[in-house]
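Structures are listed in the sections that come next.
Across the two complexes that follow, subunit A remains constant while its partner is subunit B and subsequently subunit C.
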Partner chain A sequence: MVGADARLRAGSAWRLARRELMGAVRSPSLYVMVTLGCLVAAVIVSSYLDYVADSGTVVLANPLRAPLLFALLATTAYVGLLSTAGLAGERERGTLEVLFYGPVDTTSYIVGKLLGHALTYLLAALAVVAFLALTAWLTGMPLSLKELVLVAASTVPAMSMIALGLALGALAGRIRPALALAALVIAVFIAIDVGSEIAVAQPSDTLLGSAAGLLASLAAAIVWVSPMGYLFWAEDALAVGTVGDVLIAVGAASAYGLALTRMAIAALRWRGVQRWRE
Partner chain B sequence: MARMRLARLVPLALGLALVLPIQAAHGAGERERQTVFNGVVFDGEGYRGQFYPGNEQTIHLLADAPNVLVPKVTDVYWWPITREYKADWESTNESLTGTLEVGDLTFPMTVYSMRYDGSYAAAATELLTSESAVRAHVENQQARDDYQLALGRYHQDLEEFDASLEAWGDEIDRRRAEGLATDDLPAPEQPSPPAQITVTVTEPQPGIAFSLPAGEYAMRLRAPDGSIVPGSERTLVAFGPRREGVAYKVIAASRYTLPDASTDPNDIIFVSGEAALYIQPAAQREYDAFYAAKLLHSQQQSVQNRRGVWSWLPAGELPASTLSLSANGGPPQPVEADVYYAKQRPGAALGYEIVPYDESAGQGVSTFRAFEVRPQAGVMTVSASGVAGSTREIRTVDTDMGTALLLLAFAPLAAGLFWMSYRRWRTR
Partner chain C sequence: MSLVPAISTDQLTKCFGAHSAVDGVTLQVRPGEIFGFLGANGAGKTTTIMMLLGILPPSNGSIRILGQEMGERSLTLKTRIGVVSEHQSLYGEKTAEEYLAFFADLYAVPNARRRIGDLLAALDLEGRRGSRVKTFSRGMQQKLATARALLHSPELLVMDEPASGLDPYGISQIRELINEQKRQGRTVFLSSHLLSEIEQTADRVAIIARGRIVSEGSMADIRRELSPDARYVLEYEGDEGALRRALRRVGGLRRAEADGTKLVLSVASGEDARGEISRAVAAAGGVVLGLTRQEMSLEEAFLAVTEDGFGRMTETN
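== the complex of A and B ==
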């Protein structure tokens, strides 16, 4: 009985995941997102090539790491917003309530959503990797194994972001406040994590450089709750080549994602699946 | 209207303020008598002087390397142009003596000298302390005196040689005039000048020499009467390297005055259209970036005090006369170092060619010693055998692909639009 129940749940979750994936594939936003990642990569690599053409030589470490990292960050933020909008939108339209009349419960719904958006993320990330591989073949600038490991490791922080988006979507009553809240949270995380990375490179006797200490403190404070922070953690560990630190970052992101998933399930149970009424 | 103008100006002012340097709130010109330390510190290659005013409470030094601190009393003032504290040695320059207490260790006052070969360059200096400093200085002075005597004798010999050469020439002329043979008349032998003294050993000066293992220490100077010299307390940070590696200076044949540098072991050297690269390896060590910056300039204010940020410092020459070069996975081939120079093309038009140096180039030509690498299509790998962190890839890139990449970047969008249009057409 328990086994049949679990199989039913797993089947429901898988069908929901497929529905999410097919919905993303049929939506223009996914292609816009992937194109944005490829375009940024093309601009960055093109600037490198122009420099080599002018100067004869250039010395770079991991030239495709920066465009890949941008694409992964942007796609992580995208799936976070997508998950928030998906859940809050379904509840606002009333389809969520209808769905729960079928063999779907809170857990299978959240897990299905999580899996579906994770597959969307993977699809987008692989598309960017394919473009970077083509870039490497055409230009001679290599795409190393470390970059591929970074893509693999980034799926865990991405799933944490999806779980966070689902939790925010579950907590908010309507799609607009849910999206606004998710966008605000993502923007704050990106601003602190990326801002800290930029500020550390500035001279400390400028205002931006002197803010590096504050940004570093904020980044340290949110490192355990920011999916972007886990991504940067894994990227830093890969840059130095410490496999142990990469595994720790992935492990910590997994634990965080699991906690957020449970929080999303609890939030949906608490808020309910019925359409929010004034 | 005025409010709107102000609203536009505020963001601009904030933006400028973010990037403009902060001016320290110091009174320029105000003097304060302080106990200070002059440092002769090892920077990984040689020695450099540092000034540690009372305002710099922490001294950063390399661990396990001999360093010297010289305690003094002077008037210190803030110099806003270079944004650092300066010493007015002319007004006050009082030497202190005593014992330096660093943690549980004590170091007495001694003497030190600097030894360098050729002109003074920090990279070539050697620190001598105590008896060896005195001995080396005395020997150096003796060598200089001997050289002066030898030089005097040489000048005398030269005068005698000039005279005998003139006499020999007169005799040759006379014999030729008389139709006599001159083959049996030996030419006078020119005297050789004495070998120049290139090594300099400075006069021993009082200072406190010490070497510390890595760690953070409380430091102070104890006067001969047993009291602590006021203002001598400091924190001393001795730090070591995280790892060692090899740096490469990459000189492209077409731009030999604008070399690139590769310090990161993950660096790749990308090249396009260059007939040759000239590579100069050097040893390096990686240190905490803040500590390294403070070592090189004690009053450095630009670097951020953050752990986990690293920088490489030179660590002397790499004793490798051969590099190993392989192309596209093939067997490694040895590459020998050679001396090169830029041979200017004749005529008014600018141009040069990097060629191996030989004596026909003449004296005073600027030369450099390097390993020549001729880039090939694909991937080349250069390394110093058995030296960790010395491997670098050299890749030839296609620089004409920029536009193609920008166009290809829109392929996902085009594919998506095509897919959605096709589905819509199918489901109509």
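== the complex of A and C ==
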């Protein structure tokens, strides 16, 4: 019976993942995600081109790495919000309860949602890479295989973000407070992660430059709890480290993602799947 | 047919803080029967059902469904149960066919397309198979949810207020569908506050009030249990005072109330008292114009047990 239940659980998780992916393909969410990623990448590429137009030259080892990284960051944040809204919305509408009448439990539901959103993220990330490949062809900027490795590695932090989003969606209950909570958490992570990255590059006599130390300390403190922190870790390992460093970064992100997934399962089990009735 | 109870609960209890929504419910639903679960709103019906389905964990007690222990992770067991809930929560953007196809996939229903077509036809939804669910009336949504519950041919069908939002024709269709399940040897657990629904379809009934089972048995058992007094309506000609004095000799007479030109007599149930009453009328010099014995309707029994009966039961306890 246990074996039959496990097979059913795996089958249900896969069916839910497929439903999630097909739903994203048929709805605006995937296209909004791709547009957001491309837009972020385009703004950074455009700033490079403007700089070249103004100053004549810019020296960058991997000019499309930062546009890709920030595009992936935006996409990760968006998919996190999407997972929160998906779970909270499904419970608010009562469709979550109906799923649980059948061969679905908290584990298969969370794993199914996680896989579905991760596949959606991967599709969006590949679309951003295609956009950057087009940019590379038009501008002559190099796009290396490492960028594809970064996309593959970024799937793990993205899954952590999805699991975090699912946990917040399970905890908050209704869609609006769930989204507000998730947006707040993600905004804090981005502000610290991205702020510290930008501040480090600023002269120390500027306001942001003077805050670099504080932001770096905060970033170091939250690197273990922010999915974005793991993305930056993987990118750093890819830029200056060895294959082993990349694997360690991905491994740490995987362990964190697993912990967040278990947290999401526990949160859903604790708060229940029933629609909250007035 | 299996002798294992389709549903068996023992001292099932659910507390929300200090409040007991369900308090020590012990039930046995026999395989192949239509079991009515009757109670007013807030009596604990839906909470009980949610525990039976593994959606809510019980605070205390045990549940066995189709001979197996039920829990949130009992997935194989869940595939043997079909559920129609009171609040139909459907995917509004999907068409009826897409909706059923998703659940057919989830339950791994063989020959899903044919099964979906058959169910849509049986529930008069065939013409709307390509329409988005959000355009459906409440009654149509209820039928679609019923189709979903029957997709995988469950051994046990749990229905919470299945007639909710349906017109008389829809109610009759659902009733026929419930009876069809029984003919096919399936067990139906039918929860409702619509007494007429339960009365017309259920083989046995349990009445729940304030989280406790206050009565359980066949319709006849429940009427007998709830109506210890038989009621006789007497139409007569003669002097009421003399008649009342004569009626005192009728064994077991508890009350005689005037209702216009009639007397309504409450007599302890047992032997038919019509002969004694007729003789009492004759002894008072009156004439019997009509004398009928009235059965208590289930509605009256339901009201009696949920209002007075609960108090009576707690006093006994």
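Note that the second predicted complex is superposed on the first by the 252 of 278 C-alpha atoms of A that agree within 3 Å, B and C clash if a C-alpha of one lies under 4 Å from a C-alpha of the other, contacts with A are read in each partner's own complex, and residues count from 1 in each chain.
Here, a residue touches a chain if its C-beta (ideal position, glycine included) is under 8 Å from a C-beta of that chain, and two chains touch if they have at least 3 such contacts.
On a predicted model such as this, the values are computed, not experimentally measured, just so you know.
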Contacts of A:19 with subunit B and subunit C, given as first, second, both or neither: second
Partner with the higher number of touched subunit A residues, subunit C or subunit B: B
Touched partner set for A:272, first subunit B, second subunit C, both or neither: second
First, second, both or neither for A:28, with subunit B first and subunit C second: first
Touched partner set for A:242, first subunit B, second subunit C, both or neither: neither
Subunit B versus subunit C as contact partner of A:212, first or second or both or neither: first
Subunit B versus subunit C as contact partner of A:8, first or second or both or neither: second
First (subunit B), second (subunit C), both or neither touched by A:50: first
Common ground on subunit A, meaning residues reached by subunit C in one complex and by subunit B in the other: none
Touching residues (chain side subunit A, partner subunit C) in the complex: 1, 4-5, 8-9, 11-12, 15, 19, 93-95, 97-108, 269, 272-275, 277
Of all residues in subunit C, those that touch subunit A in their complex: 50, 53-56, 68, 72-76, 78-79, 81, 83, 85, 87, 89-91, 102-103, 105-108, 148
Subunit A-facing residues of subunit B, complex: 17-22, 83, 250, 252-255, 258, 260-262, 264, 266-274, 277, 301-306, 309, 393, 395-406, 408-413, 415-417, 419-420, 423
Subunit A to subunit B touching residues, read off their complex: 25-26, 28, 30-32, 34-35, 38-39, 41-43, 45-46, 48-50, 52-53, 55-63, 127, 131, 134-135, 138-142, 200, 202-210, 212-213, 216, 239
